[in-house]
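Chain nomenclature is as follows: A, B, C and D, assigned in order of appearance, with residue numbering initiated at 1 for each chain independently.
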Amino acid sequence: MSDSPIAVEQHAEHGPELRHHFETAEQQRNAASLGMWIFLGTEIMFFGGMFCAYLIYRLNYFNEFAAGSRSLDVTLGTVNTMVLICSSLTVALGVRAAQMGKRTLLVILLLLTIVFGFAFLGIKGIEWYDKYKEHHIPGASFDASDLIRDYPQIHIDPSHEQLYFSLYFAMTGLHALHMIIGVGIFAFLTFHAWKGRYTPHYYTPIEIGGLYWHFVDIVWIYLFPLLYLIDRKPLG
Amino acid sequence: MSEHIMSSKLYYGIWITLMILTVVTAKVAFIDLGPFNTVVALVIATCKALLVVLFFMHVKYASEKLTRMVIISSIFWLLILLFLSLADYSTRALGHG
Amino acid sequence: MATAAITAEREHYLNKEYGIRSWLLTTDHKRIALLYLMSITFFFFIGGFFALLIRLELLTPAGDLVQADTYNKLFTMHGMVMIFFFLIPSIPAVLGNFLVPIMIGAKDLAFPRINLLSWYLYIIAGVMMLHCIVTGGVDTGWTFYTPFSTAFSNTKVIEAGLAIFVAGFSSILTGLNFVVTIHRMRAPGMTWSRLPLFIWAHYATSIIQLLGTPVLAITLVLVVFERVFHLGIFDPTRGGDPLLFQHLFWFYSHPAVYIMILPSMGVVTEIIPCFSRKRIFGYHAVALSSIAIAVFGFLVWAHHMFVAGISLYSALIFSILSYLVAIPSAIKVFNWTATMYKGSITFSTPMLYAFGFIGLFTMGGLTGLFLSALGIDVHVTDTYFVVAHFHYIMVGGAVMGYLGGMHFWWPKISGRMYPEWLGKFAALIVFLGFNLTFFPQFVLGYLGMPRRYWQYPPEFQVLNVLSTAGSTILAVGYVLPMLYFLWSMRYGKIADDNPWGAAGLEWKTTSPPPTFNFEETPEVTWEAYNYDEIPAPVEVSLER
Amino acid sequence: MFDNFPLWPARASTGAGNVDALYIFLVLLASFMSLAIFAMIVIFALRYRRRRGVEAEQIEGSTALEITWSVIPLGIFMVIFAWGAVIYFHERTPPRGATEVYVVAKQWMWKLEHEEGQREINELHVPVGRDVKLIMTSQDVIHSFYIPAFRIKQDVLPGRYTTLWFRATKPGVYHLFCAEYCGTQHSGMIGQIVVLEPAQYEAWLSGGLATGSLASNGQNIFQQLGCPTCHRSDVQGRGPNLAGVFGKPVLLEDGRTVIADENYVRESILSPSAKVVSGFKPIMPVFQGLVSEEQLNALVAYVKSLSPPAGAAGAKSPETRE
């Protein structure tokens, strides 16, 4: 790390975006970016608590986790992963458009991101509804007898099966909540981009909003194999 | 943070790679690799995550190490949580109640 | 309230603007610090009131003052309010908020609006907690142990859990602000090895807040989910493991102890060199020990679970790791003591609190060694020995440091001096009252009196009476400073810019500081604690 | 004189002395360290009090000192760790052949059942000089079985067994506390440990209204539930023959090996499919919710009685005892 981050002399360009307590626009941008990265670090630990529970129960109750995972729709899961990857692409291109000052392109890309976000949530909703119909939602109406019937080769304890679905709903639910927040952030960004607030000199909100979106994407990149692909190999 | 503007070709390249890796991970899961199914799935997921972090999130072009330090220390702390919890669970069966 | 007290001849942060809006919508870190000061003081007295009721109930062996359920709610809410609404925000959100930017020569924290947001989150959480308290309260213990909290308690667990979740969010935002500020906003010449050790302590604290609090947040979310949606992650009747809850809970809640004590250590590290007129002994050792505590603090959590049913082998691992975290604390104590060697010492109120801190923290730390020794822990865990131990750390340590810091920086914050003799008197009362309250509890604990007991066998009564007597003295010691601080805002002697002759950037600006802290960005050319270059204040030298 | 104002807890088990020894060592060490620090503060504060014309001497610090006062405490800490670990290891390793008592905790009482079939509530009679092992579980929330006079404590968890053992040395009546907060009457969940001379204990045992030993109760339940249809005692039936199984390693179907301890037997009754023995089909019905904790304890005691520890003091099969 350098000795001191502040340049002694003031920069000449001093846009309206520069807040009073920063010396330079660069210092302000660096601070915002670091702040977002640190926030993402806390998010890793937030999801980490659930990953810890997942790891321990999966090691102990592998059969039930495998059966639960088989009951998910792997096609929908794959499609949803692709939807999120597409949305990450539009975000990355959006940041690029902002860097180059292409306002219309930026607005289009941000809108596309929101569309992908809704698509993801819609598909997720369909999957949840399927689980509801199959009585796989933990609670009084939970019923794993269909899994016990479908997979006679593996031994399934209903209470441990419920544990898998508890984690499935907790993890995908909180991920979806992050998606909803992300869509909200991007709606805000789209509005301001449309108003022309972002220029090649000032596009920090786009950049850090993008970081958040990519992070939520990465969480899903791990959730997909961990929840959908636990044990898909043909049963002997 | 980067002033670096990446070419859109690179973005599309990363995107295609991510899409292919997604299909690969879904397909590989149906082949019996024994205990390596999980390993493969996690390696592919980590590759995808790295691509997103390095290129989409511009960490490859970030001028300073601080961002990397934040990422690495968060992951390190997550590993502390996972491993020390496992230290309990994996040795419970060894007896001594 | 403070605005009226200042005669306006020079513009500073207190008299720049008036009116309630200028406070509630401020983004000035100093004003936010005062908002926090008022709110945490409020919660401190709420928590203290619960504590006094607990002590009164324990005056007699029979449960005769309150009902058992009421008693259980009292200690639960005492814990929750004191930990999440007083101790965790105490020094960081008040003194840290006020001082971190000034000490590093910045105009404000990196994200002033997020700073204000974190105060509002704290207030929202506080209102939720108060609402929970007045509508029936919660009786799970502040530890929320499952399955009692998820499946058996019929009190307001969800509300309390969400209140703490929101308070945790506030704490994360404060920590985030500090880390970014310390990295990005230092004045020219303010290198890492010139930072005051108060800053190092807050940096370490922020790391813990950032990496620990989210785990508590998700754990509480899962508890709430378990109550609302009947998930079974911690419920043994549905295959879950209640010990997993304890692992996740203590992963945050053990390091949380360091969130409370590290800033206090930072305060003491500022006070001792000042009143010894000396450079701190072993700057780098003290700085690194803060970071070491933050890191090692995350490796020891299961020492709260030695009798909970964890495996023998992991108990051994966590026990040995627990001793590692004791080393950096010991290093700090030795360095503070060595700093006084060949100094030129005066006994001002902050210094008395610092002495008290070292003494009580040493005792708290040493009894920690008892608890990390597996064989002893089995006997004394969940007894009053533990209660005494953590009060020595949190009240004897953290609160002593907080009060010491409040006295030390009060002239800077308010521009007025507090009455010195009253300050010394209160410090003495706090020290005596504290020891009388909590020392008997060590004995009670070894005798085997379990904690969270509403009624107890009669042979424990004498020690409990002593403890209750001490708590009333302690209460007086805590009310006094609040009264004379309020008094001094109007009637106190006007403070100089640097009444103690202290080193550090905060003493180079005016008392109280202007809104942007410095007339112009300072350029740092000196090492921290350069007491050889600063003359001792005349007034203090004449006192002896 | 200290009856109403004790300063030291009664010491009534073989393990208590070990804990006290380490505790006294730690008290001495802590007192010495605290006094040393206090003394230094006081001496420095007085000796280096501000005087006119005397300046403070600026000292940067000393790496040698820092290392010294890190390494020496670390050495002492490792000694404490090892000492504490030895005690803990001893506390957590029940000796073979201990008399077993099954404990079921519930809000807010302790239910105890002796091997011989005596049942007690909030009271446990044990003889002097015999190893007693407690096998404990909870019906609802987490409790903690705490006997200060023996310096032992163990949380009692719902859904699994935890164990605790002691050998009492002094006749008398001692406190039994619940040490893990468990709800409204947590502080009322207390009882007594009555330590008797062996002769008195035998008298107490024969005076009780035992309805047969725990293992024979277990055998009855075993019959009633129809277990012997598959778990035959002569040959391997559809389920494994349980004779001699307890305490031995069991090869599971998925290749793992586990020790057939109390928790394994418990799990195999409640959730049989979790760990199926190699060579058998997962056809056993689930008994979760069908047997009470007490019945479960009796079943575990019965399965255990089918594997008498060779030559150990407690070697008695249910037949010889009846």
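In this text, a residue touches a chain if its C-beta (ideal position, glycine included) is under 8 Å from a C-beta of that chain, and two chains touch if they have at least 3 such contacts.
These numbers come from a predicted model, not from an experiment.
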Centre-most chain, if every chain is reduced to its averaged C-alpha atoms: C
Busiest interface, counted in C-beta pairs: C-D
Length of the line joining the C-alpha centres of chain A and chain C, rounded to whole Å: 35
Euclidean distance of C-alpha centroids - chain A vs chain D, Å: 45
Distance between chain centroids, defined by C-alpha means - chain A, chain B (Å): 14
Contacts with 2+ other chains: residues of chain B: 66, 73-74, 77, 81, 85, 89, 96-97
Multi-chain contact residues (two or more partners), chain C: 183, 211, 215, 237, 243-244, 247, 251, 309, 312
Residues within chain D bordering two or more other chains: 92, 162
Residues of chain A defined as touching chain B within the complex: 1, 29-30, 33-34, 37-38, 40-42, 44-45, 48-49, 51-52, 55-56, 59-60, 74, 77-78, 81-82, 85-86, 88-89, 91-93, 95-96, 99-100, 207, 210-211, 214, 217-218, 221-222, 224-226, 228-234
In the complex with chain A, residue positions of chain B that touch it: 1, 5-6, 8, 11-12, 14-15, 18-19, 22-23, 25-26, 29-33, 37-38, 41-42, 44-45, 48-49, 52-53, 55-58, 64, 66-67, 70-71, 73-75, 77-78, 81-82, 85-86, 89-90
Contact footprint of chain D on chain A as seen in their complex: 61, 63, 155-160
Chain A residues touching chain C - in the complex, by the definition given at the top: 1, 3-6, 8, 19-23, 27, 30-32, 34-35, 38-39, 41-50, 52-53, 56-57, 61, 138-140, 157, 159-160, 162-163, 166-167, 169-170, 174
Touching residues on chain C, where the partner in the complex is chain B: 183, 211, 215, 243-244, 247, 251, 298-299, 301-302, 309-314, 317-318
